[in-house]
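Each of the next two complexes has chain A plus one more chain, namely chain B in the first and chain C in the second.
After this line comes the complex of A and B, so read on.
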């Protein structure tokens, strides 16, 4: 009995701890006060109206979508190729390739951002989406590659053998069996990349200009100037949208399986 | 595509053309090594047209590697593979016209049952109407008509097995390759599928190579059995021959249950062979199958069904030895009884029904009669 109580207590604590920042922001976002206050003194949705109507946020939202679309799609193409190479072929430099793919986990985001900023201004790309997308591709590539790699690993090699046995040439095996079975992994990888890219802040702060700033950067700019709960409302909206995307992905694609969170 | 069609038409005719018509598959001196392990060592084997040939052996004996060589998934380091008289050693799997059923079935999860079965026909470029016909017929053959639109994961294990079979036979392969196809099924279903496999073979007449580690399956399904161990063929023969006359102690103990008696000294006495075991126990056999070298002991193998328990008073008869009952294992139709026999050690015997448990309870002193007329003799 006692052990059970302790167990549930620990679970509850972890849940509270993991969700507390989001909960605080959500509560603050419905405050009627002109200032960021916690706990809120009442209930109002006025800041949601302001957040949705604010020009900079609207522009940043569109910028974010553009960058995310370019970055995740590019990362998906490169990452799928990498994953296939690393899974199927033994070649010199394979280990180095794997290392490079993991490097964004080692190199801090602000270093990546700074590097791309210096490079970008030298190349005259400082005002361009290309620069932002390039930085994002590098940051999300390991996640996409991993997602595709896991789904390749989980692919029963007998399926490809079976197709070959039934008369499919290697190209047809790839097109009719391997590729269709990799689609969930690729879509899952794309979604993870999209979320990471859309919410990325540190590197984006360096590589975006006013014209290309993404939502997190616009939010940062906002909070430096204003102290009203609009920022909490836009944060809450961002969280809600992300939750919906993740739930849909899990429901229709088995995101958990793709990320090999559970292997059943 | 035109060539594929032509080959398919030819395949349908009775296989009497040409001298090489007798063997559908020939393996000549094939060797395959994985690192230090020789998986298949200089194996030569010929599969006759229309027969069911079983590769039987423990795991790691090379049977699956051999099957994969026929399918083209493994290349021999040396040696040749011929299918229908044509050297296919270097031919990729997709041009070999074999039909394989995998242990885990390997059905395409993103396709319906129909699309799975149709896959091979579509790869051969058959027109849609023809594909539909052939798939329908194949599904009928495995008794799953009407399941065409199902998804694979909606099927039971037994159904998946049949779809895998349908998918392999629908292309009318030159040889059907079965890689332990029954091992994933539960026991009842396995028995039923054995019967169905037999019927299917009678209907299609396809040359079949069947891999299994289950000697029961091998004996019941095959025209000929190839027993393998450590990458080498031990014996090739009909199931009956294999059971009655195993060529060595590996085959004797791998195929069916068998008692191995301790090595015996032997003496010829007229038309009889006298066998002397430890503790002065003697057995005699009337028809010595062949001469054994003087001074070397013989090994004798006796099947459980050739040993019976007799009342202890009869122990003066020849080939009756004293023993003590150790355990009974009741199995419905018969009982397996283990007896500790003087001079011969533990011996298992099999008697009908369960009466033996009453007549000779555990611990009882009994006489054990050993019938050597079907025993296997091997010199040391």
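After this line comes the complex of A and C, so read on.
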């Protein structure tokens, strides 16, 4: 019993360490003072007002949405197709292609960012959304591919076979049988891709220009110039949205199953 | 010949994006062999000078620091993540498990700027930690945590924990409980069951988690950049300084390549070890 109590106490302390930063951000975001004070001397939403009204953040938020929409959707299309190929077909160069498309997981983001920056400026794309989106597609692609691949693996091939035997064309089988069964994997992969793209910072710092900067880049610039809690307000909003998304994903998509940490 | 519906339709886009990516990386490789012309964005002819610059002590020590910080982060992340992963898998309460999942996974998705900024609020000399310790009378002068390696590691460990917890929880959830029951039936105390059965069987997760976090931390950028504040330099910060501040793209390219090789190298070095562990685990 004592051992159990100590164990849970240790776990609780570790979780406090993990959550303290978020708690401090929430606390600071409602502080009325420009200087840091703990605990806050009052309650105020002025930093939320400033954050939401700040031109650079508004523009960066819109840029972020544009890049995220293009990147996660492109990655979803390419990744789903590739997951289907890997699951169904053997072809020369398959392993190499798989390796290249999974490599962004281990290649440092600044290496990827620098590479796309050099490539982009050579092609005259330095100030464009295309460049930012292309880098993001590559960075989130492994997550989409993985997610779709897992749901394809769990799919009963007999369903497709019977549809084909009953005379359905390959396209019809794909659209009416395979795709609907892939939806959970595709939605899960798309959500993860969108979150990762929207919050990606290091590579974005290299491939964005002022005109195309995404929210994390704008936040970074602000942190280096000002010390007031405006960033705390934005961070608080992002943390709250993330918590809601994680809870919803866990509830409806079975996050634990996607991460395969459930017992069954 | 079996029909292969959609083969080309799906293959072409995948190959296209792979080629674009290789072209981007190819540019890094090519720039690393080009001469830097100060004051110009253009590069000169082929040279090996960028690589020989690495031998300078200042750059060499940055590489060493990067290695030490990454190793320390990986070890501490493992120590702190194991109890959480264990609790997550083994608790019988569904509500508690959801709480643990949300608390331990959410930091993964808030993005590095939010997480780093949050730690700046905690670690600063007027930050949360120092203020609390002072008001409790435990310290009189603030402990320096911002702009120190310790501060950088404290933040990096917290960032790395979600991934480590996922990998460990996966490994722990795949352990066949019958082994533990058998050991307990044979009279082993719970602690002995844990140290001689559970822990060794979760080795695959422990090894792959530690390697992944090590490789990851080698390329961490925003934490050493903002919490290190120029006082703690990792390869990533040097790449940024050389590339985006001095516009010395050739040397930035060399450093990026080194970081890339270090990441791949550490994963490859661990490969035989992980394979052996996986085989061992499969035999059990």
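What we mean here is this: the second predicted complex is superposed on the first by the 234 of 264 C-alpha atoms of A that agree within 3 Å, B and C clash if a C-alpha of one lies under 4 Å from a C-alpha of the other, contacts with A are read in each partner's own complex, and residues count from 1 in each chain.
Just so it is clear, a residue touches a chain if its C-beta (ideal position, glycine included) is under 8 Å from a C-beta of that chain, and two chains touch if they have at least 3 such contacts.
Here the structure is a predicted model, which is why all the values come from computation and not from measurement.
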Q.
By the touch definition at the top of the document, which applies to A:163: first (chain B), second (chain C), both, or neither?
A. first
Q: Look at A:180 in the shared chain and tell me whether it touches chain B only, chain C only, both, or neither; answer first, second, both or neither.
A: first
**Q.** Winner by number of chain A residues touched, once chain B and chain C are compared
**A.** C
Q) Can A:172 be said to touch chain B (first), chain C (second), both, or neither? A) first
Q: Would you sort A:216 into first (chain B), second (chain C), both or neither based on which partner it touches?
A: second
Q: Once the two structures are superposed, pull the chain A residues common to the chain B and chain C interfaces.
A: 170
Q.
With touch defined as at the start, can you tell me which chain C residues reach chain A in the complex?
A. 3-7, 9-11, 13-15, 17-18, 20-28, 31, 41, 80, 83-84, 87-89, 97-98, 100-107, 109-115, 117-122, 124, 126-128, 131-132, 155, 158, 161, 166, 169-170, 173, 190-191, 215, 218-219, 221-222, 226, 235-236, 239-240, 243-244, 249, 252-253, 256-257, 259-260, 263-264, 267
Q. Touching chain C in the complex: which residues of chain A?
A. 3, 7-8, 10-11, 14-15, 17-22, 24-25, 27-28, 35-38, 77-78, 81-82, 84-85, 89, 91, 97, 100-101, 103-104, 106-112, 114-119, 121-122, 134-135, 137-138, 141, 170-171, 174, 195-196, 198-202, 205-206, 216, 219-220, 223, 231-232, 234-235, 238-239, 242-243, 245-247, 250, 255-256, 259-263
(Q) So in the complex, the part of chain B that touches chain A is made up of which residues? (A) 4, 71-73, 92-100, 102, 104, 106-110, 119-120, 123-124, 167-168, 171
**Q.** Contact set on chain A toward chain B in their complex
**A.** 156, 158-159, 161-170, 172-173, 176-177, 180-181
